[in-house]
Every structure is written in C-alpha cells, then in structure tokens.
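When the chains are written out, they are named A, B and C in that same order, and each has its own residue count from 1.
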Amino acid sequence: MPQDVFAPWTDPNEKPIIQFQNVTKRFGDFTAIDDLTIDIYEREFFALLGPSGCGKTTMMRMLAGFETPTEGTILLSGQDIAPVPPNKRAVNMMFQSYALFPHLSIWDNIAFGLRRDKRPKDEVSQRVEEMLRLTRLEKFARRKPHQISGGQRQRVALARSLAKAPKLLLLDEPLGALDKKLRQETQFELMDIQEKTGTTFVIVTHDQEEAMTVASRVAVMDHGKIIQVATPADIYEAPNSTYVADFIGDVNLIRGKATGKDGDRLRIAWAEGQPEIVGTPNREFANGDTVHFAIRPEKVAISSEKPDSPNAIPGKVHDIAYLGNISTYHVELAGGQIIKAQTANNRRISRRSFTWEDNVWLSFTDTAGVLLET
Amino acid sequence: MRSITNFATTLVIGAAAIYGVLSTYWFLSTLSGPGFALGFASVAGSLTKFALQAAISVAVIYLVWKFLSEDRKEPVVKNLLIGTPYLWLLALFLVPFVIVLKISLSDTALAIPPYTPTLDLAAGWKGITDFFSELDFENFVWLTEDDLYWKAYLSSLKIALTSTILTLLVGFPIAYGMARAPTEWRATLLMLVILPFWTSFLIRVYSWMGILSQEGYLNQLLMSLGLISEPLIILNTNVAVYIGIVYTYLPFMILPIYSALEKLDGSLLEAAEDLGCSRLSAFWLVTAPLSKQGVIAGSFLVFIPTLGEFVIPSLLGGSKTLMIGKVLWEEFFSNRDWPVASAVAVVLLLILVIPIILFQRNEQKQREIDG
Amino acid sequence: MRRFSWFNATSLTLGFAFLYLPMVILVIYSFNASKLVTVWAGFSTKWYGELLQNDAFLDAAWVTVKVAVMSSTLATVLGTIAAIVMIRAGRFYGRTLFSGMIYAPLVMPEVITGLSLLLLFIGIGLDRGVLTIVLAHTTFSMCYVSVVVSSRLVSFDQSLEEAALDLGCSPFQAFRLVTLPIIAPAVISGWLLAFTLSLDDLVIASFTAGPSATTLPMKIWSSVRLGVSPEINALSTLMIAVVTLGVISASIISKRGAVKQQREEQAAERAEAE
C-alpha cells in the first residue's frame, strides 16, 4: 500500500512544494480566506473539501494566479509567486466547466499550451500523442469538443492541463458534471494518472466521498479557514471537531459533561436517568467540561437483549432505512434523541431482526467514539 | 384525392373572400371618389351593387363551410392559413419582380407606360409570341456600354466594403466593452444601442448635415480650438457618406458581435492564460475566433443594405458620389427610363445574391453550433 | 469583470458619444432663435410654433400615421399567420419558396422593392395613393413581424398547446386561449416594429405614393435636400422625443413585469421553505 508509505508531511526534512503563509484574501467586506497557513508536498494528491463559499475555489485561483492574496505569501518551490502572472506559472488548472476551446479540435486543445511555449513541432505532436494515449482519446483527436461526450471532455481537459507537465495541477470540481457511476470510474482513473505522471494534484471538491477516495490528504475548510488537515482515514476516524465529524460521513453527536475518569477512560453524563457514556479521550477534559461524543452509526450495535458492553443504552426503533448492503436503524432514546445504528446485511435473510416500535439496546465499545471539545 | 377536394374547397372559400374584400374596396373608393359627387342615384346604385356582391361572397363562404364535413374543416383552415400570406407575398413580392425582369427586357418608349412591348392578350397566341419576340437584352448591353453604370456598381461595392470595415473598427470595441461591462449595466447599454434603431433613419442622417457642413458645428469647434484655419470640406464628399453609413448602421454591427462576445465563457480566457497566453494573445487565439460568427453576421448586415443605399449618398454625398441606389432613383424619376432602371435593379439583385447566400450560410453554421 | 476597465470605459464613452451627440446637437439647435441654423442666437421655441402652423407638414403627418396604423395592423395579422405557418405547418407544397419570400424582403434594397411594387401597381392600373403605400408597407413589414413572432414560437413549449387540446379545446380555442396570450409580447413588438418601419420609410413610399398622398418622410426629404432648416430640427426633436419616451416606457413596463415575476417566484419559494 503506497498510501501508508507515502507521508512526506511527517518527515521534517521534506521541503513542501507549496506553502501558504498567513494568507488572507478579502473581496470588499467579504473575507474569503482568513489567515491561512498550510504546506502541500510534492507528489501529493491534496483535496480541499468544504461547502460552497468556504474559500476553497479562492485558494485554488490564487495558486493559478487569477487572484492575488490581500495579505501573506504563497511560495511555490520556495519562491513567492505573487509577481508571476498566470501565463508564466508552472501551474496548470483544470476548469470546472472544462473551458475547452470550442473552435479548436481535441488535438489543438491539448497542443494549445505547448505551442505557447514555442516548443518544436515534433515535440508538440509527440507530447500530444502521449497525452491522448494517457487519457485514451486517440480516436477523438480530430473532433471538436461538442462532438464528444461529457466524460471524454473531462479527459480532454485533464490531458490539456497535464500536457505542459506542470509542477502542480489544480482541479476545480473536476468530476462535478459527470453522473455518479462515471464519476466513480473517473476517480480511479485520476488517481492512476496522478501516480503515473507523479504530478502534485490539488483538487477542489464539495463531494466528501470524492475527496476521501482520491486524496492522500484532505483539508476540510469552512468560512475561509482550514478546520483539519489529515489523511482520509484520520479525518474519518479522528475528526478534530464536530464540524469535521458531521461534514464527513454520517455521525451521531451526543452532547454531555465530563464527570470523572476511570484510568484513561472518561465518563460523560448526557441525559437525566441514563447510563453514562464511557469513552477514550485523546486530550484532557476537566470535570464539568462540555464534551461532544461523536460516534459513527456503523460502530453502534443493536440488539434485543441488554448486551455485555461498556456502553449499553435502551431505546425504541423509530425508523428503518433498508439500503441493500446495509440497514440503518433510527433509534429513539428516552430523552427523545435519535441515534443511528447501522448493521451490514451480510446474510441474505428476509427476516428483519427488528421492526418499528421494538424496544432495543444500543451498544458500543469504549474506544468506538471520539470525544470532541467543539 | 382528398387533398385535391380540400384544395378546391379552399380555393372556393378564398376566391369568395377575395371577391368580398375587393368589392368592399371598390365600394369605399366610389364613396370617397368622384362617384359621391354624382349624387344620390349613383351612390344608391353602387350601394346596391356592393350589397349584392357582399351577399354573394358571404353566402358562398357560409354554404361551403356549412356543408363541409367535420374532418375536412381542419385541413381547409390549414390551407387558408398557408394560402393567405402565401398569396399576398406572391402577388406583392414575386410578381413585381417578374414585372421588373420583363420591363428590363423591354424598350423605352414615349408612351404610357413608357416602354414597349406591352402584352396584348386580346390578340391571342400571336399577341404572346409577338410580345416575347420583342424582348431583348439591349438594356443590359447598354449598362456595359455607358461607363456610368459599371462605375456606379464598382463605387457602390467600394463604399459598402470600406464602410463595413470602418463600422467593424468602430463597433467591435463598443460591443467588447458592453460584453465586459458589469452585468447590471448591460441591459441599459443594450437599450442605448437599440434606441437609435427606432428613431427615424432620415433624421439620423440629416443630423450630420448640420455637423459636417462648411460652417457646421464640427468646423466651428475645430476652428475655435485653433486646429484648422480653413473650414474642412466634408459634406458632399465620400467621407461624409462613410460617416453617415457608420453612424446609421453601427447598431447592426454591434448587436451580433455583442451577442457572440456575451456568450463567451470567461473561463476560456482564464484557461488560455493558464496555458501560457498573454492577455493579447488570448484575445487573438480565443476571443477573436469565437466572435468570428458575430463579426461576419454584423459585416453582412452592414454590407448588404449599404450596397443599395440611397438616402445617405443623396443627402451627405456630393455629385461625385456614385452609388447604384442613387443612379436607379435618378434613372427612374429624373430620366423616366423605366427599362434601364429595371435593368439596373436586376443587376444589383444579381450582385446581392452572393453576399446574401454567404450570410445565410453563416447563420446556418451559427445555428448548428448553438444547437 | 466587476468594474469597467479603462479601455472598455473609454470605448463605451466614445462609442455612445458618437451615437448620441448628433441627435443631442439637433435637439439643442431646434431651440435656436436664429434662422441660420449653425449660429446660436438664444433660446426660442418659435420653430415649434411655426411647425404647428404648417399645414403641409400636419397633413403629411396625418397621412403617415394613417398608413402606419393600417399597414402595421395588416402586417401583424399576416406576419403572425406566416410565422405560425413557418413553424407549425410542417411540410407543404412550395415551402421553400414561401420561406424565401419571407426572408428576401429583409435584405432587399428599398429601391428595388419600391420600383417593383410601383411597376406592379401601374401594371394592374391601381391608382397610387394611401392604399398603395399601405400595401407596400404591409408587404415588407409583415416579414419583420413574422421573424419576430417565429423566434418566440420556436422557444414556445408545444406541450402547452397539446395540454389544451387534451383538456378539450378545439385547435382554434387552443390557439386563442394558450398560444396567443403567450406569444402576445412578440406580436405586440412586431406591431411596434412594423409601425416604426412604416413611419420611417422614405424610399418605398416615394415610389408607391402618387401625387395624392405625401408622407412625412417624403415631406422632410424634399425640404432637407435644400439644406438644414430649423423647422426640420424642431420636427426631428419631436419625433426623437416621442420615440425615446415610447421605448423607455416600454422597457420600464417590461422590466417591472420581469421584476414583479421574479419577486413573486422568490416569495413562493420562501413560502414553500417555511
């Protein structure tokens, strides 16, 4: 698994390719990027994830050179890129709309950037052929953009932005226009191409699944700030805030107060007359501190008898969502809070274990959840 | 078979309707004409005649409609709908052209109408053959012999071409500025371009006469600024004609270019810059080719009507300004040489066919790209 | 893109100055007291007074309005029918010729249209006067109406008509109750276009009008050929004022309608959200 080995951000000797240093960008009164500092390393597949308006596109446009930071500096390979215009940057961008030139053939679109560099003719055609092969577009070279499908257009846009072999490739919602199935295929294709070319990719997306699938690291953004930067697994298993936990995947959030410690375990009181939740904190909580307990539905087990588990809470089945591979039970607790529990349907049984209004027990281990401050 | 009966029914209804309309017109024209002065008897007479004709026409339409089976009504209505504008255009657009063509092949004569031959149907077949045998291409030969005509055609082409280029040079930056203007401004700017369309063409041309004349506002301004000491002679020269054409046809150039530029996706320009273009080369490599259709459409919209322009050269041009529209007008009204005027019109039309077909092709191509 | 760049601002300013300055000068000098049009001799409205006493101009204006109303109404009816035929009738015998005849007058030089119609009227022995001008104007302006209306018909969702038929309308009712209200704005602008084309026309009217009828453009023409005159300046100012008021109020009305519709849509969405 290259993913496990590839972790330049843990190596203090590694030089980052991009450095954002206290970058702020304001449009009039609106602050799009707020004092942001981040390092991105060579060969990374870095995802900027967040809802629309969180500043992720502004970050990307600053890298491409279409916006300049109001404050702070952006370094590319250690050099300030502020004075470099977009056409002189070793950075290329794949546009959300693809921005394919409608009057040029696929071949000419891919050759466009190479020709601007005044490269010799045979070098241009060699490189274009190479790109066409890479993106499996050889057959469509002579067509115009409106004569090919959406998925093919997406590949042309990728080929065109890769043709100049940029140090850094920016992808703005690259798969946004594709339907779900094609999008999933293309995600793997993107990863494949990224590995083959060894280019650093920075992708902007609002689709958390896409970010999780393709990226080596994900930066979750909100209101111009980066909330958390981590590998997809860490983002999912160890979110640093309820915002991240809630944004990525499905989560149950229970708000309570720390009441005491049992060794490295922390007890949380969360509702009158209910058993306390026991969790494992990764930071210090004093007694009486507010704690947000976050647990993924698939880590919550459901049973009819009270199980022998550090955490067992009674409740009543409120709703059932059958999704084929899994079922999600919405269980109402005594205080009215709804907790989601997921079970994998790994046996083909028509018999449903539980049905509406059944009294059930929810249980989870004392390491299954994450304890968050905010 | 069905369609033939439908067609016949349509013809009957249509003929009755036309008969009714014509009799109404005749009646109204006797009322307003000298008939009214002839006294009560004649008015009463024409009224009876009109009542009879109107009754016939209404009765025919009513009866045919009444006895038409339900499933025939729709095709007959459809035929009538197609037939009305069709006949109108045939009678008032196509037939007049055939007449122009015919007269262009006739000879000038001191008669009313001032040409020969006239078709004498009363003489039967012989009348028709005589008529055709007397038609010839003499007028067209004449057009090649007198250098006034081919010089006028050439000079019209030259003036139309030059002023199209000038209009493009003036219009493109305006269209570009409009397309790049803030969104909330665009509707207003567009209205400001369209507004002169609605103002009288004649007045717009006329407004330049006061500006360009020898003691006009432009000369007054330039002299008071001390830029010139002698008034410039602009009015009654080709320069004035160019100014007039650029001025009046500018909206025709701006609008298609604007609509092409407005559709242009801003990210295409960013993509070009991202791939290494400077602003200027992005303009030549992306903006220019993508606004090509608009430029072509605008150029034809200026070139085609300018070629046959009459008002501008007559008001702003001088005696040396030769344009074929003016020649035709003078040939007709001053020389009363109808056959030559017709021949001039036929040749002008033949010259126009080429740009019109090219324009149509361009529009077709545009539609294919859009669709 | 947010603000005007200096290049765009300059080209727009110069462009619109070029488009409007001549007319502004014309308007200003229509209030000139002097008979010499190019010399300013103080403010006066006397040329307007003289204009209103000039019977020849008033007669010509009356003829022009009569012709314009009749021809634009006829042209709107015929042009709308022609548009419906072009878009909806499918294939029929001579369709190519028909569409050719619809589009050709748009690019035809006025001198040719005028000449050919005149020769027709003489050929069939029709006395030239108001009627012949109306016929001529109707013929070329119906083509403009048909272009305006058919562009609206193309974008019109045909399933609306089908829904009307499905709900029990006869084809005529479907047209009257559904199609016509929807294409009405295009029909109205077609009428306005035909009206101004007719008001504006000099060349075709000169050919087809006999000695018995003179339109305003013909009257203006015969007087401006002799040079600039203060009366014509006053007349032009009046015409410019009417057109400007008309166009601006029309655009305000249509903009209000659009704004109102947008507001209502937003209100409806908000109501649904709550």
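The definition used in the following text is that a residue touches a chain if its C-beta (ideal position, glycine included) is under 8 Å from a C-beta of that chain, and two chains touch if they have at least 3 such contacts.
No experiment lies behind these values; they were computed from the predicted model shown.
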Requested in this report: Please identify which chain has its centre, taken as the mean of its CA atoms, farthest from the centre of chain B.
Outcome: A
Report task. Pick the chain whose C-alpha centre of mass, unweighted, sits closest to the average of all protein C-alpha coordinates shown. Result -> C
Requested in this report: Mind checking the centre-to-centre distance between chain B and chain C? Centres are C-alpha means, answer in whole Å.
Outcome: 14
Report summary line: dist(centroid_CA(chain A), centroid_CA(chain B)) in Å evaluates to 62
Report task. Determine the centre-to-centre distance between chain A and chain C, using the mean Cα coordinates as centres, and give it in whole Å. Result -> 58
Query raised in the report: What parts of chain B, by residue number, touch at least two of the other chains?
Result: none
**Report entry** Sites on chain B touched by chain C in the complex
**Finding:** 25, 74, 77-78, 81-82, 84-86, 88-90, 92-97, 99-100, 103, 113, 170-171, 173-174, 176-178, 180-182, 187, 189, 191-196, 198-204, 206-211, 213, 215-217, 220, 247, 250, 266, 304-305, 307-311, 314-315, 325, 328-329, 332, 338, 341-342, 345, 348-349, 352, 356, 359
Report task. Enumerate the contact residues on chain C facing chain B in the complex. Result -> 1-5, 7-9, 11-12, 15-16, 18-20, 22-23, 25-26, 29, 37-38, 78-79, 81-82, 84-85, 89, 92, 94, 97-98, 101-102, 104-105, 107, 109-112, 115-117, 119-120, 122-123, 131, 135-136, 138-139, 142, 146, 171-172, 196, 199-200, 202-203, 207, 217, 220-221, 224-225, 227-228, 232-233, 236, 239-240, 243-244, 246-248, 251, 255
Report summary line: In the complex, chain A touches chain B at residues 64-66, 85-89, 91-93, 95-97, 99, 101-103, 112-113, 116-117, 146, 160-161, 164
Report summary line: Within the complex, chain A is touched by chain B residues 265, 267-268, 270-278, 281, 285-286, 289-290, 292, 369
